[in-house]
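Quick one: this structure, given as structure tokens, is what I'll be asking you about.
Letters are used for the chains, namely A, B and C, taken in the order the chains are written, and counting of residues starts over at 1 for each.
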Amino acid sequence: MHSTVVRAQNVFGFFTTVAFAVAALIAFTDLITPRTPKANISMSKVEVVRGRPNYYSTKKEEYAVLRFNLNADFSSLMNWNTKQLFVYVSASWPNSTSSEHTNEAVIWDTIITSPSADHLQNIGPAAMKKLKKSAEGKTIDPSRGKINLKNQKAKYQITAPGGRLAEKNDVVLKVHYNIQPWVGVLTWTPQIEFGKWKMMKGGVSKLFNFPALKVKKAADTTSR
Amino acid sequence: MAVSAEKISVHSIADLKNTSDDAIPNYLNSLGFTQSHTLSDTRLALGYSAFAICAATFCWDYQFGFESTKYYTAVAVLLYSILNGALTFWIWAVEKGTVYVGTNKNGDKIQVATKTQKHVPIYNVTITTYSKANPTVPNPISLKKPFTQWFDKQGHFVSLPFQQMFASNVSVIGKADPTKVVEKKKVANVEGANKSMDEKWASLLAESSGVSLDDLSGGTAAGTGSVKSKGRPKKN
Amino acid sequence: MLSALQNPRQAAAQVLNFVLILSTAFMMWKGLSVLADSPSPIVVVLSGSMEPAFQRGDLLFLWGRNIFEETKVGEIVVYNVKGKDIPIVHRVVRKFGVGDEAKLLTKGDNNLADDTELYARGQDYLERKDIVGSVVAYIPFVGYVTIMLSEHPWLKTVMLGIMGLVVVLQRE
């Protein structure tokens, strides 16, 4: 009983200790890596139509379709512990009763993987080959953190419970990010400056209004 | 009964220490000491009440779910950590490795604590005696002995040298068991277990006459050597 | 070693060692639950719907308290659907209103459509009370052991048996 089992236990115990210590160290390096994200977002086109926003929608409702411009530099967020960067754009608008932006919906998102996580992406073989080639020989590719979109169509139409969306005022688009580490703490766009992590420069659009409901003819030509 | 039938792994210091620790109460109780279990009973009480709290928490968590019982669970976690802390404190600061507390018929108190260091096969024993006349004045004796003195190569525990170590060094024990007292703080060697009949006789004689084996071996060195080389070769 | 069991105090002490290992593990888990205000503060990812962020077997640490701010859009939450046992880990993509009544919609990063179809019949949105916790930290792969154990139940028996034997037959 003594030698073999105890030795195996000791070896395994030592292995786990070392593995966790290394993981903790790696996670810690996030804190000492500066983050200086910047983004510029503007709405380019918006319309509100009535119809079925999704193929599984049971009833017709009002929904908003948007186009936007996004110019962002998140290259400082791509470090050796970044598995993926999840960038998303949300639209938020207040309730009729308050001026607080109490409603928020994601209209567009993208997953930017580190070269080390490319193989995990759920994309076709051709796209995968291209993606892998784009960062050949690199373990970190900060250039992937640069986003430049002109008149980009939203991926998700905006809906609201109750189905009323037209003529809502003070809508704003915001850019957010979520860093998924290889190990450690997940981080989102910081609300306050935190050590070497600066707040995002820009990333909020000018206020705009949802227009009145668009006339019937466009209603059923949804994107899907 | 001089050699235990059980065998332990001689490479495990924990095994060596535990077997030796277990032998101390057996020996001292056989000499008429009355063992006091207060220390270990307190430890068991602390430990099992902590376990009782844990069991209760498990039951209500299982029965009623987390959400409705979380405040009780919070209190239970706090209590458990306090009890566990107390237990750790008890083992570390009060018991300090104590394996035996007892009193003899005269009212003399004896307390034995043992300790080993990682990877060092040496038994550190601290025997503290309190005489009846002066029950508050401790009289500590520290011994550092290699385990090889009372374990043979196969891992059998040999009680004679072990008991001699106590009897010779601690006067209270020596008085209770005068036959095991060996002068000049020399005790019989474990090697005795592997020696020929002649040598065993010699060591027995030595004990009864109060002369230590080591003193005797000087005189019969030549004889011993020849016996050893002729006899079965050393194992290992 | 087994002869030690003849002495009741020693037997009790030896059993206590074993029992305290188990109960300390359990109480640490409960302490973490209470601290994070979540019935299961550590979960193992079972599906690939959040790939590439989370794979099967990854370990997630959840936080169930909303001290500074509410659960908001972009957060990754673990939620339970009424009548289904398996908790789901997905990202909040829409939120309407504030407070406990706020309506939340979730979607897996790797899924094309949002979770409306995963919810219970007649349920269009989640509420705060459906959420077990938000993901705050991540360790890859470590949880794969539990997936193995749940997929091959005999491994559980074997492991428990070995653990019990080792602890009972060995002191310290």
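The working rule: a residue touches a chain if its C-beta (ideal position, glycine included) is under 8 Å from a C-beta of that chain, and two chains touch if they have at least 3 such contacts.
Bear in mind the structure is a predicted one, so any value in this text is a computation, not a measurement.
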More contacts between chains, A-C or B-C: A-C
Closest chain to the centre of mass proxy, which here is the mean CA position: C
Interchain centroid distance [CA atoms averaged], chain A/chain B, Å: 65
Averaged-CA centre spacing for the pair chain C and chain B, given as whole angstrom: 45
Inter-chain centre distance, chain A versus chain C - centres from mean C-alpha coordinates, in Å: 25
Multi-chain contact residues (two or more partners), chain B: none
Chain A residues counted as touching two or more neighbouring chains: 1, 6
Per-residue multi-chain contacts in chain C, two or more chains: 170
Chain A residues within the chain C interface of the complex: 1, 5-6, 9, 23, 54, 56, 83-84, 86, 88, 90, 95, 100, 102-106, 109, 111, 113, 117, 120-122, 156, 159-161, 176, 178, 180-186, 188, 191
Complex interface listing, chain B residues touching chain C: 6, 14, 18, 22, 37, 40-41, 43-44, 47-48, 50-51, 54-55, 57-58, 61, 65-67, 70, 73-74, 76-77, 80-81, 84
Sites on chain C touched by chain B in the complex: 1, 3-4, 9-10, 12-13, 16, 19-20, 23-24, 26-27, 30-31, 33-34, 37, 39, 170-172
Residue numbers on chain C that touch chain A, as the complex places them: 51-53, 55, 69, 72-76, 91, 93-98, 102-103, 109-110, 113-114, 116-117, 124-125, 135-140, 166, 169-170
